[in-house]
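What follows is chain A paired twice: with chain B in the first complex and chain C in the second.
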Partner chain A sequence: MRIVATDCGSTTTKAILIEEKDGVFRQTFRGEAPTTVEEPFADVTLGVANSVTELQELSGYRLIADDGTIIRRKSAADADGCDLYISTSSAGGGLQMMVAGVVREMTAESAKRAALGAGAIVMDTIASNDRRKPHEQIQRIRELRPDMVLVSGGTDGGDTKKVIEIAELIAPARPRPRFGGEYKLPLIFAGNKEARQTIERVFSGEGFALSVVDNLRPTLERENLGPARERIHDVFLEHVMAHAPGYDKLMTWANAPIMPTPGAVGDILQTIAKGRGINVVGVDIGGATTDMFSVFGGVFNRTVSANLGMSYSISNVCAEAGMDSVLRWVHLDMDERELRNRVKNKMIRPTTIPQTLEALVFEQAVSREALRLAYIQHKSFATTLKGVQQQRTVGDAFSQKEAGGSLVDNMALDLMVASGGVLSHAPRMEQTALMMIDAFEPEGFTEIAKDSIFMMPHLGVLASVNPRAAMEVFEKDCLVVLGWCIAPRGEVRAGRPAFDFTLRRTNEVVAQGQLIGGEMRLVRFGHGEVGMLEVRPERGLDMGAGPGKPVTREVRGGAVGIVLDARGRPLKLPTSAVERRACVEKWLKALEVYE
Partner chain B sequence: MAKAYTPGLKVTARTTYRVRRLLPVSGDVRVKVGDGVSAETVVAETFLEGDVFPIKVAGMLSVNPSELMPLMLKRAGDTVQVGDALARSKGIFGMMKTEAKSTAAGTLESISESTGMVIIRGAKTPVQVRAYVAGKIIEVIANEGVVVETDALFVQGIFGVGGETWGTLMVAGKSHTEDLLEEHIDASMKGAIVVGGARMTAGGIRRAREVGVAALICGGIDDADLRDVLGYDLGVAVTGSEKIGITLLVTEGFGDIAMAKRTFQLLLAHVGKMASVNGATQIRAGVMRPEIAVPLGEASSGEIFTGGATAGILDIGTPVRIIRDPHFGLLGSVSALPEQPAVLGSGSKARVLEVALESGQRVIVPRANVELVGD
Partner chain C sequence: MISSTLILCVISLDSSGASVVGLANTSITVAGSKADLRGKIPLNELGQEISAPPAAISISAEDVAWDAGGVIKVSWQPAAGTTSATKWIVERSEVLAAGQGAGQGAGQGPWTLVAEVPIAETNAVVSKLSPDASFFFRVTAVSPNGSSAVTTTKSAATGHWNFFIGAKLPLFCAILLVSACVIYFILAARRGRPMKVRRIAALEAITDAVGRATEMGRSILFVPGIQDMDNIQTVAGLTVLGNVSRTAAEYDAAIEVPTSRSLVMEAAREAVQASYLAAGRADAYNADAIRYITDEQFGFVAYVSGRMVREKPAACFYMGCFFAESLILAETGNSIGAIQIAGTAESSQLPFFVAACDYTLIGEEFMAASAYLSGEPDQIGSLKGQDVAKAIAAIIIILGVVLATGAAIAPQGAMPAALEWLKGVLGS
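After this line comes the complex of A and B, so read on.
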């Protein structure tokens, strides 16, 4: 079996070759070429063919025919061609949607979750209580040029008036689609089923292509995002992709529907979380945006932080976080005025790369803040359903969590997966590990891995046609295990013991010692090694079993090893600039970050 | 040979410059093929649909939406003014009637029996598209707009703020390395396109705004000064719609940086001519850079430029500009193109090239950190 998979990004089209050898699927070669959606080429298949040509040159198999199409094998005995071709796409700005619902925290939020989960960028969320006056909402709808609109509102059998009101604001606003004047704007209605007839009448005029699916919030207690998400994917293929240059041809090449890139990443992470029975957080930090994914207790959430990125949006990260927050991670002398100009120069020339160590240190400091802000946004969005009535007994009074609490729990987090240029291409794996730890502040035992060559999108689509191949490649070739972060929850006292640890391999003690509050230590534990790590936290510090309780867990080695982090959670850096710099320098040295 | 990673910016003494001037929605084109136009000529115009104002009339009368229709005093298609009664309740025994009055002027577009909401559509807004650059109409796109062509000196900048403007080209200061200061600007520059040398200082920008300069063109700008002009810290480089009373355009980047000598000399050679400037910058998919076009009004050069960035080939001798520290802004030419990736000071591995700087010094930089200079 030979599989070719491509991901058509905004700037680069990445191709990978997956082959089944001795009954096991492995990713064998990769190629890339500039994406060709924009003028003067305006045909995405040219970039696809170029990237696959690189695979051809590296592998020695003939994969591209003289007419530029991908060669298919008739039988396994054929030397040339592939058996399966699949693709994802985020070219041309990806899938851009506007969503609407009645109550911002309830149906509108569920609609946003459905759109994000399908891989869309949500341009705006309109709701009856979004604190804008109706004419301001209409003005905003008119300004946006979405690829499609998702309207929800009301529970099945409930009040219809409010959702119809929202529809009556959208219809006269006549939002114009991003592509083409002749193109009818796709609008999906996933609200109260009692309102369907009226909704059909409201959108019956010219300009809308209405489709109706099951309510995404049939009752307050239940979300039903599947039908809306599937319809978004269908509309993406039927309308949006069909209008993007060359996609009509690409769709005929592919053996499975072309998926929006982030949707595919979400699918593979869900597959992994389900397969291993773990909680996962994944991040993809790009030049313009940062995508966050999480699966906690089987519930999947995705957010896109539209203006948190490392090149196009780097200036916005500095503006949102504040330069002081960025510079707290820096241990070198830097002139603020010069840095500010450098940030702007990176913004206007986004493809440049850091040449000096100083420039790298600064970019990695910015990335910590971009990731931290994106994670805050994600945590506030990935919540239990809001608006659900809760029954409390006296016994629950002190323990029951509020409806709408975040699902993201750093103590319950098992695996963090890093991807995106600044994380994937960091010269040292220790840098990637520390950026993740500083930004996300994992608690207890957390494994850290990175996507080796940003293969998750390809594997997300592959999972829909060949789940075994996708899982095998994910485990063996996609994930590069960096190691583990071991950190207690709670406030540590500087200079006082925080926890003791013992790492054993079978019965042999590999390492043991004591961590002092504010200290970090690295225990090298290589790839393929497996051991049992026992940690005994001091009173008031929690490693997952409760304050002061010891925990023993199996840990696997990785490219970095085991990072013992006794800085406490939430992480607090010294307020004095001199002390802070000394601390950061000490941590960087302990983890051999820039050595 | 290798493809340049970063496209170069177009700086050319003469090119056939073509610009599409399109309406946002269909309308009427006011010129025909062959017409000569000035920058100010209106080439197309239309009306944009008016704003929409929803009014909850049923709620104002305290009636069910389904009972609203017989109470309406105005019908769909009627013209209404602010304060006009839209509907009137029956009252009690014909007394104590309540009126729902319009809070907007326009045309009544629809009445909803489901929600009791009335939609008023405001008056249409006229939109005019001007030629932007003096030249000749070479194509009319029915109901949409035109293509204007002219022979022009054409310079792409790296970043700008403020939209389209035009005026007489003037120079402030003596050289491309001189910062633009307050004292370089005087009242005679009102409405002009003013070219400075290196960085435009806060004082220079302030004075230019006071005098009413149409556009300032310099090598660089300080981030802090840009923030002062805009009133906020620019997060993403999507500009052009700022209402700051002036268009600012930088040719090289942020910080203390001189305008490329050739760019300065080309502009200097056309002082007194009419120039068109657009500060709009968009650095995402479909890159848009700010631009200066100075129509020359003579015979065609044969080369045609229609906007967008240009990608070029890197080869030995190719003139380049280094666009990242530690050599930011320096000019030179490619002196070696090693095939194998090299380890940078940051520890990263990347493909590099050697640049012979104008000073004679040779430096190694990542290929991603240079851009092409020249035509």
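After this line comes the complex of A and C, so read on.
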């Protein structure tokens, strides 16, 4: 079987070839070409054909016909062509949506989750308690130019008044879509079913293409995002893509619906989490935005941090985190004024890459802060449902937990997947691993991997057509396992023992020793190696089994190995600049980050 | 904030404090109805007279300084040979007007026993006397062989009322310390110093509960207890009502407040109306939703429960003083699937609320709710200052426990003395 997959990004269209050899699916070749969605070409298929042509040249198979279309094989015996073609798209800014709900923390938040999970960028959230006056809300709706609107609100049999009030704000405001005047703005209603008739009446005028799906919150105790997400995908294809240049043609080529790129990434992470029964966090740090994905306990969440990125948004990262926070990760002497110039340069010349060690260290320090801030935002969004009745016993008298707690638990996290330029293209794998560890502060045993060539979007769509192929390619070619981070939760005391460890391969002891508080150590454990790691934390430190209790787990080797981190969680750096710099330098040396 | 466990400790401190007072007074035992042996000379088995102990050489009485009057210290000098006696009897007599008190000493009235002290003692503090009244005192040594002759004060002594009571000095210092803490933190909060108050889940959940009512298109029920405005819990409940109704106004949710006291109804109306005004929704305020039901405890409960079953509010708040009705209301609310938030300082009702409600404000949390919700520097500073004072109290309790334990283990060491000193300070 031969599969061609493309991802049409804003600037580059990336194509990969996946082939089944000896019963195993592997990604074999990769090609890329500039995206041609904008003028003067205004036809996305040209860029697709160019990128697939590169595949053709590298693989030796004929994949592009003379008319520029992708050749399909009639049988497995055919030398040329492919059996399956799939694609994702984030060209032209991806899918941009406006969402609305009655209560910001309840139905409006569910609407936001549905939109983000489907791969959209949420431009704004309108709610009856968003502290804006109706005229301000109308003004905002008029300013936005979304591809689609999702309206939710009220439980089934619950409130209708406010849902209709919100509809009556949106309808006369008539938000203008991005694509031309003939385009009817798709509006999905996923609210109280008793309000449907009125909603249909309110949006019956010209300008809206209304579709109604099941309520996102049929009861406050249950969130039903599936129907809305599917409808968003359908509408994305029927309306948004159909109006984008060349997409009508591209849709006829593809064997599976074209998905928004982040939606596809979310799908593959969910497939992996479900298949391996693990909790996953994935990050894609770009120039302007940072996408964060998580699957905890089977619940998928995605957030887009719109102002955290490594080029267009780098200045905002420095402003939001503060230069002191950025510089705490730097072990070299740097002039702050020069750094500020460097930041502005990166903003106006986003494609530049660091040319000196200093520049690299600084960029990676900024990335740590961008990732850390994006993760904080993600944790506050990926929460349990609010407004849900709690069941208590008398034993809960002093431990009444609030509803809406974060689902993200670093101790329960099994796998972190890194992607995005600064992480994927770091000169050394150790740098990627340390950036992820410093930003995410994983606890217990956590595997770290990176997406080798940002293949996850392709595999996300592939998972909907051929899940086995997607899983096999993901495990073997997509993920580059960097290793494991072993870190106890709790405050360590500098200079005092933090934990002992013993790494065994079958019965042979590969490494053992003791970590002192504030220390980091790297145990090289190569790709393909499997061992049992026993960790015995000191009293008060938790490796996942409770404070002071030993844990033994299987670990797989990777390009970096096993990172033993005895800095404690939450991670605290010394306040004195001299001590902090010495500490950072010690950690960088221990992990051979810049050597 | 100091937990309720600490409050229990404070109570135990009070009890131990009381015992300190008792210990200090053990040397002065008020006599009961014991036989008066004076003037009777006992005989031995051979019929010979047995000699009585000698009388005290001298006696004096003086006012105790820095007190509220009514306390006089009587001291005497025992004669040699008094050691054969077992105790001293101290008696007092009021000063009579001229011509009164026939048969007594000049100006002296009938004698009243005020203290019996061990023979080794040479003084007694006589308390509970009328302030600014004058008394004569006399002392008699008593042995099994008989009583000595009496020794009487030459002049009357008066217990004067003093403006400053020295014994209360530690208490005065404690008040100064607490006040200083409160003032310091209020000023610090006004200057903008960040004050960390731990998250209180029950108060954070108010928006959840109101939001639930909004999404479900149902009302919010707020019960401010069954006591009147003279109960501090009712006042605290109405403070929370102000916040709940403001959130309800912002979310445009309906709120209903049944009351069992007419004054509470008026106060609740004021609070809710102010909240609607503050939220810019004065038009949405409905005075009829805040109504008086009945003063009868179970009549009120019957109405509220019935209303809950019929109207099925999505959120129920019980904030105030509750008694037997707590479980009835909370169970009814639970059965209709409402989010319930309760708050009371009635410790006997807390377990019911904790078990049946989603969130419960326990004791002091309820009282601190006002500061927590308002976030006003004065209230937050005051809360913080009180917390510091409670922390000092907790340290003293721990110190007392350590000293008492140490004294029990090593009675000869320095611990007993230190414990006595602490008892003296606290007992005063």
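Rule of thumb we're sticking to: the second predicted complex is superposed on the first by the 589 of 595 C-alpha atoms of A that agree within 3 Å, B and C clash if a C-alpha of one lies under 4 Å from a C-alpha of the other, contacts with A are read in each partner's own complex, and residues count from 1 in each chain.
Definition applied: a residue touches a chain if its C-beta (ideal position, glycine included) is under 8 Å from a C-beta of that chain, and two chains touch if they have at least 3 such contacts.
A quick note: this is a predicted structure, and the numbers were derived from the prediction, not measured.
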First, second, both or neither for A:Lys161, with chain B first and chain C second: both
Partner chain in contact with A:Lys184 - chain B first, chain C second, else both or neither: neither
Partner chain in contact with A:Gly153 - chain B first, chain C second, else both or neither: second
First (chain B), second (chain C), both or neither touched by A:Arg468: neither
Contacts of A:Glu320 with chain B and chain C, given as first, second, both or neither: first
Superposed model, chain A: greater residue contact from chain B or chain C: B
Partner chain in contact with A:Arg276 - chain B first, chain C second, else both or neither: neither
Which of chain B and chain C A:Met106 touches, first, second, both or neither: second
Partner chain(s) touched by A:Ile348 [first = chain B, second = chain C, both, neither]: first
A:Lys386 touches, of chain B and chain C: first, second, both or neither? second
Overlap of chain C and chain B interfaces on chain A (superposed complexes): 160-161
Partner chain B, residues of chain A touching it in the complex: 10-11, 37-39, 91-93, 134-135, 138-139, 142, 160-161, 164-165, 168-169, 172-174, 181, 198, 288, 307, 312-313, 315-316, 318-320, 337-338, 340-357, 359-360, 425, 427-428, 594
In the complex, chain A residues that touch chain C: 102-103, 105-107, 128-129, 131, 153-155, 158-162, 217, 220, 386-390, 392-394, 396-398, 400-404
Contact set on chain C toward chain A in their complex: 3, 199, 201-202, 204-205, 207-209, 211-212, 214-218, 250-252, 337-339, 350-351, 354-360, 362
Chain A-facing residues of chain B, complex: 5-6, 26, 49, 51-54, 65, 104, 109-110, 112, 114-115, 117, 119, 121, 158-159, 222-224, 226, 233-237, 253-255, 281, 283-286, 308, 323-326, 328, 344-350, 365-366, 368-369, 371
